[in-house]
Structures are given as structure tokens and as C-alpha cells.
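Multiple structures are listed underneath, in C-alpha cells.
In what follows, subunit A forms one complex with subunit B and a second complex with subunit C.
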Partner chain A sequence: MIDRIPSGFHPFVLPFLAGMIFVLSYCVYGIIKILVQLPGEDRRRFYLSLVTPKTVLKNIRDIFCDCLFHVKLWKRNRLLGYMHSSIAFGWFMLIVLGHVEVILFLPHRIRLFYYPIFFNYFVAETDSTIQGSLLFFLMDFFLLVVLSGIVLAMVKRVRSRLFGMRRTARPSLTNQIGLYCLWAIFPLRLLAESFTAHISGGSFLTVPANWVFRQFLGNDLNMLPTWWAYSIVLGVFMVVLPFSRYMHIPAEMMLIPMRNAGLKIRNARKGFARVQVYSCPNCGVCIDACPMSVNKANIKDCTVYLTRQLRRGNERRITEISDKCLLCGKCQAVCQVGVDGPGIRILNRAERNYALKPDYSSIDGTAIGRASAGGRVAYYGGCMTQLVPSIGRSVTSLLEKAGIDYRWIDRDGGICCGRPMWTAGRLKEAEEIVRKNEELIRATGAVTLVVSCPICYRMFRESYHLPDIEVVHYVPYIQALIAEGKLQVEHDDICYAYHDPCELGRGCQLYEEPRQLLSQVVRLSEAEKNRAESVCCGGSLGSLSLSFAQRENMTRAALENLYHSKADAIATACPLCQATFSRYADRPVRDIAEIVDLHAKANKQNKQAI
Partner chain B sequence: MMDFGFKLSKSATIDLDRAGTERYEKLCALSPDARTCMACGSCSATCTAASFSGMSVRKVILGLQRGQDVRPLLSACMLCGKCTLVCPRGINTRRLILNLSKSYD
Partner chain C sequence: MKENVVIIGGGIAGMEAARQLLLLGYTPIIVEKKDHLGGHVARWHKLFPDMAPAGDLVRRLSEAISEANIFLETRITSINRLSNGYVVMLSNGVSIPCRAVLGASGFRLFDASKKEEYGYGVYNHVITNSDLEAWFNGAEDPRIVADPKAVGFVHCVGSRDLKAGNSQCSKVCCMTAVKQAIELKERFPDARIYCFYMDLRLFGKKYEDFYINAQQEYGIQFIRGRVSEVGETAEERLQVKAEDTLSGKPLKVQLDLLVLMSGMVCNPEVAEFARTIRLDVDSDGFLKSLDNVGGINRSNQPGFFYAGACTGTKTVPETLAEARAAALDIHRYLLGK
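Take a look at the complex of A and B:
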């Protein structure tokens, strides 16, 4: 292998060089800007994580799994996974192998960073070695891998269903330019390398292609223009990259270490949230996942459009999109990069200024709490349970059957848990409510707080500080009562489909416990989409602007998902889900507490105790 | 003054001819569904804040129509959403409350 061009330079590399320099400077500027925007504490945490060996290893593993192999997409749909990983990993390997070639054959050129990209133009093959042909084979092989991915990408444009996607995001102009460049880069590379293969050598792809071309072309005049075209397309791609979805390639490199450092988003427009927004490749997986997408008009409110509008800075649309969402969290659960769609929306809502501030000083938490003091266990039903009283009745009936010394602390009205206020973006006001409620609960003197609404439960877990009080959702609590023998349950043959409430499942990660408890008393069958992919009932308080009519379609779609199981009835563990489903369901909708209560008997000893 | 253990209550007369309804109109522009309230009182019956500030969406809407100051009522609302769930007219009461809170500037 020898240098064919003594100077090691040809003007055709200039467009590539210009693009590369532009994109690198843009990224350096971006990284500095993001780091400056991070709150000091987060920044320290991030730097610390970069020198902690464990996190560093995790970062490397995640970068390979997420950015190159797209493991999450493979799990979703193999074709989709193959398409993304073949392009990403194939391209990565072409770059790596290009460097290996230069190091191996022309080590003095390694400082010219266009050399690995245009290697074949600059060299002439003098002898063939095993190493050389293996490298050339690998280069052709990975080029083929990328090309297969590109072909699939073209097919996906017209037939997205093959890839498990009903709807995809409409590409914007810069995305389109980037897309066509990406499609053109690799065929051009194949052509350029093929035209050059009789000089530089090649392998199973480029050598036969070279032979074919030479049958009817007879000269090398096509060589240079093709290398020019290849370089220009690369250059254009790099120039549009920061303004298109392909920005996700560098952004993800930043996102993964930040995520592994345990950073949380603190401002909708800055720091980590910004990195998340840029890391979204507009894959569109969140469109089909979003319960709002059953309404054609609401497709544009899905998270993929939130990230797009945040990048464009279109304030009117950002407000609209932020207010519409149910905050069910499904888009985040399916998102390959983990864009916190609901979190970013809440922080966007928090940027609004309300002239009228609530004033909770008239609420005396301690006095309300004292009024229901006395039990070791306090039961907090929450606002929604008051609207679905059967749940409160069933939970307390179970507690009684088990002989528990409890008090229903908000039976005659109490204070809201604060989550609805929090999700409306009024974070300070929500904090105030939380503080009042903490006072109230401490004043009851209970050591265990049983909660029946997952909305409250999530709030208690995430925002309350009650160090000496154990907060449990009733599902694990009743499970424990049964395990201890305080409750006896009978099994029945009726079949239930369990709906995972968003706040209990995705919000608090309780997926298996409700199923275990239910299957102790009834038969269970699964909905089409369940657990982390369960479909929101559409009744969520998270949305500030969805109308009842729009919600109806969502509820019906969620019910269809449950009907798929062919169950006789529907079980849920959230008062709001129950109230919402009951409106349109063609079969009974019951809370787990109700179902268990129907099948539970008190242990005889408990009865004597009472 | 001698304390008789009772006193004259403030006049509750409302002069609808002179009531300023600008705020109500402003609210209706943002939350047009406010106009569909039929004062059924479902929201009053469920309101979490009722026992603290006498809050109820019905009272707020009526008050605005009469040009009264409803801010004291609103002060304890926790945005819990019970009123939205029970409203037979499907009024998005939380949005209404947020819009109203924004309009005081």
C-alpha cells in the first residue's frame, strides 16, 4: 500500500473538512453552553460521575447499546432495530476501520483527519496481504450493512407499518435535507470506491462493481467527480446536522453520561432538558404510544412535536402542547432515549405567571390531624376516592376484617395531596399543600399511612418528607395482611382484565403486586398493551386543556385495549380510572379493593379482637 | 357600642345594573365554557376547599356575573379537580380557575 498522492491532499476534501469543522465547533459551543446552564450542584455531580469508574463503564456500555445497537428498538420491532443499528453501527465501523487502515498502512498520515474517510482515493495497492484483504473485506461488508439499512429506511418512508409503526412524524425541511443527504452518502461512497478499486484495491463489493463499470466506461474520468460528490454530500449533511434531527447523534453522547450521573431536569429550556430535546431523533415511536393520538387533531401534541417546537422556539405551540398532555408517561416509557416528555411539560407550565396566588394559611393541618388521631394506621383516601366512595368503603372494610386499628383521616374532607397542583405547574403552591398535609399526617400520630389513590401515592413517594411514617399503597398492604393470615380469601372463577393505572405502574413501578393480589381471588387475563405500555384511561388530571369529547375517544380506545383480553370485568387500582372507565364501559369496572373485599373473610381471632 | 351578641349584617343587595362584569367577560373569552354553567351546585358539594374558604366554582361564576370580588373564595382552591369530574356540563373548571388566576394583574 503506497501513498498515491504525494502531497496527501486534494481539493475535493474541502467540503467535508468545512462541514466537519463547522459541526465540531457547534458541538463544543453547545457543550459549554449546556454545562454553564446546569445548576452548580448538578454540574459537580456530572463531573464526579465522569471520573467514577463504575459510571464510566456504564456510560460506555450504554453508548454502545443505545446509540450503536439500538437495543430498545430491537425489542420493539426487529426490522426497526436492524434499520437503525445497521446504519449507526455500520457507519461507526466504517470510521473505525478507516482509522485502522491509515494506522496500519500510512501511519504518518493519521494527523490528516480526512484520510480515514477518503482512504481509498489516496492509496494505491502494491501487494495484497492477509491483513489488507481482511480490512478491505470488512470495509465492504460494513458498507453493505449500512446500505441495507438505507434501503430499509427508504421502504419505511412508504410502508411504516412493516416496522411496527402506524404513524410517523412528518419531517421538517432541514430533516428532509439531512435525510436525503444521508441516503446519498453511502451509495456515493460505494460508487467512488468502486471507480477507484482497480487502483486502491477493494473487496467483494467494490472489485466486481469496478469490473462492471470498466466494461463500458473504459476510463477513469468518473472517479474524481464521484469523490467530489461524496465529499460535498458529507459536508452538506454536517452543515444541516445541528438544525436537523441528526443532532441526536452528538447530543446522545452527552445525554447518556448525564442520565447515568442521575441528573434531573430542572428547567424546561435549559441544561439537561435541552440535551434531551436535542437527543430526540424524531423516531416517532411516541406517536403510536400516545393515548391522545387516537384523535387525529391531537397527533401534533405528541412528544416528538414538543421536542421539535422547543428547538424552534415556537411559544404558542409549546404552550398548547404542554397543556394538552395527560402526563401518562407512556411516551417516556417507550422512548429509546428517555425524553422526559411529561416532566418537560410540567416545567413549561411552571414558567407561567399567575397573578393570583392561593393562600393556605387558614388551613390548620395540625388541628385536622388531631381530630382523627388515635390509630396506629391512618388511611388517606384522597380527593378522588371521595368521588368513588366504594373504594374507601372496601379498603376500610378490609382493614376492619383484618382487625387493624386504623383511622380514616380524610373521611369528612381533608387536604388534597398536591399532585394536581404540581402537574398544573404551580410547584410552589403544591409545596405549600404538601407541607400542610405533612403537618396533618404527623398530628394523627400514625406509624403507617395507607393510601388508595395512586395519584396521591406517587406524590407521597416523590415529594413528601415523613421520616417516621411508612407510606404504602393498599395493594402491598393487603397482600401482607393475607400473608400474615389476618385475612382469608377465597378464589372465584370470574375473569378480570387488570388495567395498570399510569400513576401506579409507570409512576410507582407497581406492576406485579396488583396482579399477584388479584390472582389470589379471581382469574386474570392480560390486556393487549399492559404494564409499562398500558393505555391511559383518558381521564387524567394531567391535561389542562383536553375537552370531554376528546377524552371520550381516548377512553374508548383504552377500553378496546382491555376488551382484547375477553375478560368478564375490568379491575383497576385508581379511583380516577374507575370513574372514567365506568362512563363508557360495557362491563363492570371495579377497584382491586372491592374485588378482594368481596372474597375476603376475617380470621376468627381478629373478630374476637374487635 | 353595646354588645348584644348579634349585629346587623352587611347589605347583600346586588345592583345588577351597576355590576362590573368585565372580569367575567374576560374569563369567558379564555374559558368559553364558563357560560354554560347552570349553577347546579355539584361542584359546591364536592369542593375540597369549601370548608376553608367557602370555595365553589358555582359561587365564583355567579360572583363574577354580579361583579363581586371572588378572590377570597379562590384562595384555598387546591386544583384537585373534583369539580371538573362532577360537572354535568363538562366545564373544564380547573382551566377556568387557572385562567381566572392569570387574569388578575
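Take a look at the complex of A and C:
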């Protein structure tokens, strides 16, 4: 291998160079800006995580799995996974191997960072070695891998269903330019390398192509235009990158370490939120996932459009999209990047100014708490349980059967858990409610707090500070009572389909416990989409602006998903899901507590104890 | 030979229409899915505003149609359209060719257990307006205690309620609640009686008199505001939380009985059936009249007529009047005029 061009430079590299310098400086500027926007505490935490070996290893692993291999996409659909990882990993390998070539053959050129990209133009092959052939083989191989990905990407644009996607996001103008550049880059590279293959050498792809081209294009004059075209397309791609969805490539590499450092979104538009927004690859997986997409009018209210409008700064649409969402969290669960759609929305809601501010100063949490003091176990039903009284009744009946010394602390008035205020974006008010409720709960003197509403449970987990009190959802609590032998249950042959409530499943990661508990008393059958992909019932308090008709469509769609199981009845563990479903369901909808209570009896020893 | 007219539904609409059709010289054939005639009214105790026994009305109508063909506990399996009429197939295997069909399939009472916050089917002392009428009629009901100290009526349960899937007013429940409150007060003079309402729609003859009387003579308390939730105390009394929107204050009251004024809703089975013979269904789920002023009795299909609550909520006198009108309309149609 020798330098074909003594100066090591040709003007055709300029477009690429310009694009590269532009995108690098944009990214450096962006990184500095985002780091400055982070609150001091978060910034320190982030820096610390970058020197903690454990997180560093996790970062590297996550970046490889998520950005290069697209493991999550493989799990969703193999074709989709192959398409993305072939382009990402193939391209990555082309860059790495390009550098290896330069280091191996022309180490003095490594300072020129365009050299690995245009290596084949600048070199002439003098003798063939095993090393060289292997490298050239690998280069051609990965080029082929990328090209196969590009072909699939083209197919996907016309037949997205093959890739498991019913709907995809409509590309914006910059996304389209970026897309066509990306499609053009690799065929042009193949052409360019093929035209030079008789000089620079090549492998199974470029050498035969070179031979074919030389049969009818007999001179070397075609070489330079294709290298120019390749460089220009690369340059254009780099220039549009910051303004297109392809910004997700650098942004995700920032998102992963930030998330692993435990950062949370604290400002709707700055810092971590900005990274999240730029990390959205606009793939549109969230469109099919979004329960609102059963309404044609709501398709553009999905997270992919939220991130797009946030980048455009379209305030009217940002408000609309933020308010509409049910905050079911499914978009985040299916997103390969994990963009926190609900979190971004809540903080955007929080930007609003309300003229009227509620005043909670007159509420004396401690006094209310003292009034219901006495039990070691406190049961907190929450507002929604009051509205679906069968649940409270079943939970307390189970506690009584098990001989638990408990008090229903909000039976006759209590304080809201604060989650509705929180999801409405009224964070300060929610905080105030939470503090009052903490006082109340501490004053009861209980050591265990049993909660039956997943909406409350999530709030307790995420926003409450009750260090000496164990907060537990009734499902694992009752499981423990059965395991300890305090409750005896009988099995029945009725078949139930279990609906994962958003707040219990995606919100608190309780997927298996409710299933285990239910299968101790009845037969279980799974809905078409379940666990993390469960479909929101449509009744969520999260949405501020969905109409009843729109919600009804969503509830019916969610029910269809459950009917798919052919079960006799529907089980859930959330009062809001139950109230919503029972309006339209053609079969009974019951809470797990109710079902277990029907099948449970007290252990005789408990009775003696009482 | 006398000409057949099939009447779907043996409630008061179907019965009154059958009576008129008999007088006009036709053979009405009533198809009723239950084992008795009279529909919802047969379960009712007294009818406002004259407080006449509902049983008398049903009895009079039954006697008047003794010559009609009546199929009880029979359902319609299908209706086929012919060029100038219909063939109605019944579940007992009978098929009836006829030129005119009268739809008098009525309404369904809203299932109060769907408004879970009121605890119907959960708490021991929550009943519906229909349950209360049955009890007035002498049926046993363990939910009604021997000596209630306080009773509440909740208006608009499942009517004018988008969340419950019915945005329409059920029309009769305001007046029914006033009537039932008075009747309960007559039986339990010491009980305090509360009516929780959104607004009172007392449009008919003498309705307003009842309302004034209920307050002045019987001391029934009308509270404007919806009930937010119902709970149960340790003594199994009901604890009702509501807002008095006139005074702007939340209130809590303990009751021994809560009566839910379940509204009239469409029968979804009927709507499904209607689609099979291309009858139009309205946005509220009830059958759609040709027009709502001059053509309430008529459907969009020739030879298919309506009477009573199958096209929307109706009072008893309205239903009877419509049934008579429908009979005349059918007569006119069969004469080809």
C-alpha cells in the first residue's frame, strides 16, 4: 500500500470536511449548553457517574446494545431490528475498519481525519497480503450489510407492515433530505470504491463491480465524479443532521449516560429534557402503541409528534399534545430509546400559570391522622376506591379474614394522594398535598401502609418520604398473607383475563404478582397485548382534554384487546380501570381483591386469636 | 279475512295499539319476550298525577285485547322484507306474513350498578326506583329496613350523564322521585327524606303541584347537587357525601335507604336488530323516527311503524297517545291512502 496522491489531499474531500466540522462543533456546543442547563446537583451527579467504573461499563454496554445492535427493536420485530442494526453497526464497522486500514498501512496519515473515509481513493495497492485481503473483505462485507439495511429501509417506506408497524411518522422536510442522503451515501460509496478498485484493491463486491464497469466505461474519468458525489452527500447529511431526526444518533449517546446517572427531567425544555427530545429517532413505534391512535384525530398527539413540535417550538401544538395524553406510559415502554413522553408532558403542563391557587393551609394532617390511629396496619383506599366501593369492601374483608389489626384511615375523609395534581402539572400544589398526607400517615402510628389504588401507590413510591413505614400494594400484601397461611383460598375454574393497569404495571413494575395471586384462585388467560404493552382503559386522569367520545373509543379498543383472551370475565387491580371498563364491557369486570375475597376464608387459628 | 299486524312488544304501547287495531278490524299479533303483558308499567304501583293504580291500566288494556293473538315468552328470530310487506319469524317456529309491523319494544332501565360510586349491588340499602315500586306493590325487599330514619333519592342516575353513556334526559324520573318521596313519607311519617337533584324538570300537568306539596305538606328536602360518593358506616348505615350547590357547601348525611332514579336507556339489542332490516337508529341509540314532529310513528321503511319508548323516553300518557296514533297511521297505510 502506498500513497497514490503525495499531498494526501484532494478538493473533493472538502464538502465532507465542512459537514463534519459543522456537525462536530454543533454537538460540542450542544453538549456544553445542556451541561450548563443542568441543575448543579444533577451535573455533579453526572460527572461522578462518568468516573464510576460500574456506570461506565453499563454505559458502554447500553450504547452498544441500544445504539448499534438495537436489541429492543430485534425483540419487537426481527426485520426491523436487522434493518436498524445493519445500518448502525455496519456503518460503525466501516468507520472502525477504515481507521484500522490507515493505522496499519499509512500510519503517518492518521492525523487527517478524512483519510479513513476516502482511503480507497488515496492509496494504490502494491502487493496483496493476507492482512490486506482480510481487511478489504471485511470492508466489502460490512458495506454489503449496510446496503442490505438500506434496501430494507426503502421497502419499509412502502410496506411498513412487514416490519410490524401499521403506521409510521410522516417525515418532515429535513427528515426527508436526511433520509435520501442516507440512502444515497452507501450506493455512492460502492460506486466510488468500485471505480478505484483496480488501483486501490478491493474484495468480492468492489472488484467484480470494477470489472463490469470497465467493460463499458473504459477509462478512469468516472472515478472522481463519484468520489465527489459521495463526499457531497456525506457533507449534506452532516449539515442536515442537527435539524433532522438523525440528531438522535449523537443525542442518544448522551441520553444513555445521563439516564444511567439517575438524572430526572427537571425543566420542560432544558437540560435532560432537551437530550430526550433530540434522542427521539422519529421511528413512530409510539403511534401504533398509543391508545389514543384509535381516534384518527389523535394520531398526531403521540410522543413522536411532541418531540417534533418541541424542536420546532410550536407552542400551540406543544400545549395541545401535552394536555391530550393519558400518561399511560406505553410510548416510553415501547420506545427503543426510552424517551420519557409522559414526564416531558407533565413538565410542559407545569409551565402554565393558574390564576387561582388552592390553599391547603387549613388542613391539619396530624389531627386527621390521630383520629384514625391505633392499628399497626393502615389501609389507604384513596378517592377512586371510594367511588368503586366494592374494592374497599373486599380489601378490608380480606384483612379481617386474615386477622390483621388494621384501620381504614381515609374511610371517612382523608387527603388525596396528590397524583391528579401532579399529572396536571401543578407540582407545587401536589407537593403541598403530599406533605400534608405524610403528616397524616405518620400520625396514625402505623408501620405498614396498604394501598389499593395503583394511582396512589405510584405516588407513594415516587414522591413520598415515609422512611419508617412500609408502603405496599394490596396484591403482594395478600400474597404474603396467603403464603403465611393466614388466608386460605380455593381454586375455581372461571377464566379471567387480567388487565395490567398502567400505573401498577408500567408505573410500578408489578406484572407477575397480580397474575400469581389470581392464578391461585381462578384460571388466567392473557390479553393480546399485555404486561408492558397493556392498553390503557381510556379512563386515566392523566388527560386534560380528551372528549368522552374519544375516551369511549379507546375503552372499547382496550376491551377488544381483552376479549381476545376469550375469558369469561375481566380482572384488574385499579378502581379507575374497573369503573371505566364496566361502563362498556359485555362481561363482568372485577378487582383482584374482589375475586380473591370470593375465594378466601379465614384460617381457623386467626379466629381464635381474635 | 282480517289482515294481520305484528306488534313487537307487549307493553302498554303494544297493548293500546292492539286495542285500536282490533276496533279498526285488524288482527293484531303481539310478540312479547316476557311471560306477562304490561312491560315496565306492570311492575309499577301508582301512576302520577292522579295516583291511579298502574295495575288497573294494565288490566283494562288486557281485557280489551282478549281477541288479539298474543305470543308470550316469544322472541323474533328474524324479519324478512317482501316487496309489499314482511315475514316475521318467531322463536316458537311460527312465521307471520303481514303488510305492517309496529315496533313497540320500549326502553331498558339503566343498570344502576354501572354507577359504582352509588354502591348499588354493593351496599345493603341501595335500591332503584323500580325496586321501590315493586316493594310498594307488595314484593319483599330486605334492603328496606322496617323503620328508616332517613331516606335519600338520587336523581339522574344514568341519564344526562355522558360518562354513563347516556346524555339524554329520561323525562319521568324527576316526577317519579317526587311521587315516590311522597309515598314513602306517607308510609314512614317520621323519616327525613332528601332528594339530590341537578335541576328539576317538572313539565307535565299537575307536576309542579306535586313538587310544592312535597315540600310544604310532606317536608321533603330538595338539595341541588349531585351525590359524589356513598360509603357505609360501621353500623351499616349509608353515608352520603354531596355538595349543596345553592349554599356552596359540601355536606355529609347518614341514611337508611338510598333510592337511585335509574333512567330510561335504549335497548342495544333492538338497535342491532333494526340494522338487519335497515331501520335507522338515532344518535342516542333509540330507533329513529322519520321526523320528530309530524312523523314520530313512522320509520324510514314503508310498513314499519313505531309507538312508545322505542323511539325515546316517554311518559305513560304520551305512550298511549302514540299507540293510538300509530294504529290510525297503520290503518291509513293499509288502506293505501
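Everything that follows uses one rule, which is that the second predicted complex is superposed on the first by the 609 of 610 C-alpha atoms of A that agree within 3 Å, B and C clash if a C-alpha of one lies under 4 Å from a C-alpha of the other, contacts with A are read in each partner's own complex, and residues count from 1 in each chain.
As a working rule, contacts are C-beta pairs under 8 Å (C-beta built on N, C-alpha and C of every residue); 3 or more make two chains touch, one makes a residue touch a chain.
These figures come from a predicted structure and were not determined experimentally.
**Student:** Fit or clash for subunit B plus subunit C once both are placed on subunit A?
**Tutor:** Verdict on subunit A: clash between subunit B and subunit C.
**Student:** Which holds for A:548: it touches subunit B only (first), subunit C only (second), both, or neither?
**Tutor:** Both subunit B and subunit C are touched by A:548.
**Student:** Determine, for the superposed model, which of the two partners subunit B and subunit C contacts more residues of subunit A.
**Tutor:** Tallying touched residues of subunit A, the top partner is B.
**Student:** I'd like to know which partner A:584 touches here: subunit B for first, subunit C for second, both or neither.
**Tutor:** Touch partner of A:584: subunit C, not subunit B.
**Student:** Let me test your reading of the model: by the given contact rule, A:433 touches which partner, first (subunit B), second (subunit C), both or neither?
**Tutor:** So A:433 only meets subunit B here.
**Student:** If we overlay the two complexes on their shared chain A, which of subunit B and subunit C does A:207 touch? Say first, second, both or neither.
**Tutor:** Once the two structures are laid over each other on A, A:207 reaches no partner at all.
**Student:** According to the stated criteria, A:424 is in contact with first (subunit B), second (subunit C), both, or neither; which is it?
**Tutor:** Touch status of A:424: first partner only.
**Student:** With both complexes overlaid on chain A, does A:199 touch subunit B (first), subunit C (second), both or neither?
**Tutor:** neither
**Student:** Between subunit B and subunit C, whom does A:387 touch in the aligned arrangement: first, second, both, or neither?
**Tutor:** both
**Student:** Considering only the touch criterion stated at the top, classify A:415 as touching first (subunit B), second (subunit C), both, or neither.
**Tutor:** In the superposed model, A:415 contacts subunit B only, not subunit C.
**Student:** Which partner does A:356 reach: the first (subunit B), the second (subunit C), both, or neither?
**Tutor:** Only subunit B; A:356 stays clear of subunit C.
**Student:** Can you list the residues of subunit A that meet both subunit B and subunit C?
**Tutor:** 386-387, 548, 579
**Student:** Under the stated contact criterion, what part of subunit B meets subunit A in this complex?
**Tutor:** Within the complex, subunit B contacts subunit A at residues 46, 48, 50-53, 71, 74-82, 84-86, 90, 92, 94-95, 98, 100-105.
**Student:** With touch defined as at the start, can you tell me which subunit C residues reach subunit A in the complex?
**Tutor:** Going by the criterion above, the answer is residues 113-114, 116-117, 119, 122-123, 162-165, 229-233, 239.
**Student:** Which bits of subunit A are touching subunit B when the two form their complex?
**Tutor:** Result: residues 352-360, 362-363, 383-384, 386-387, 413-416, 418, 420-421, 424, 426, 433, 539, 541, 544-545, 547-548, 576, 579 of subunit A touch subunit B.
**Student:** Which residues of subunit A touch subunit C once you look at their complex with the stated criterion?
**Tutor:** Residues in contact with subunit C: 386-390, 393, 411-412, 548, 552, 578-579, 582-584.
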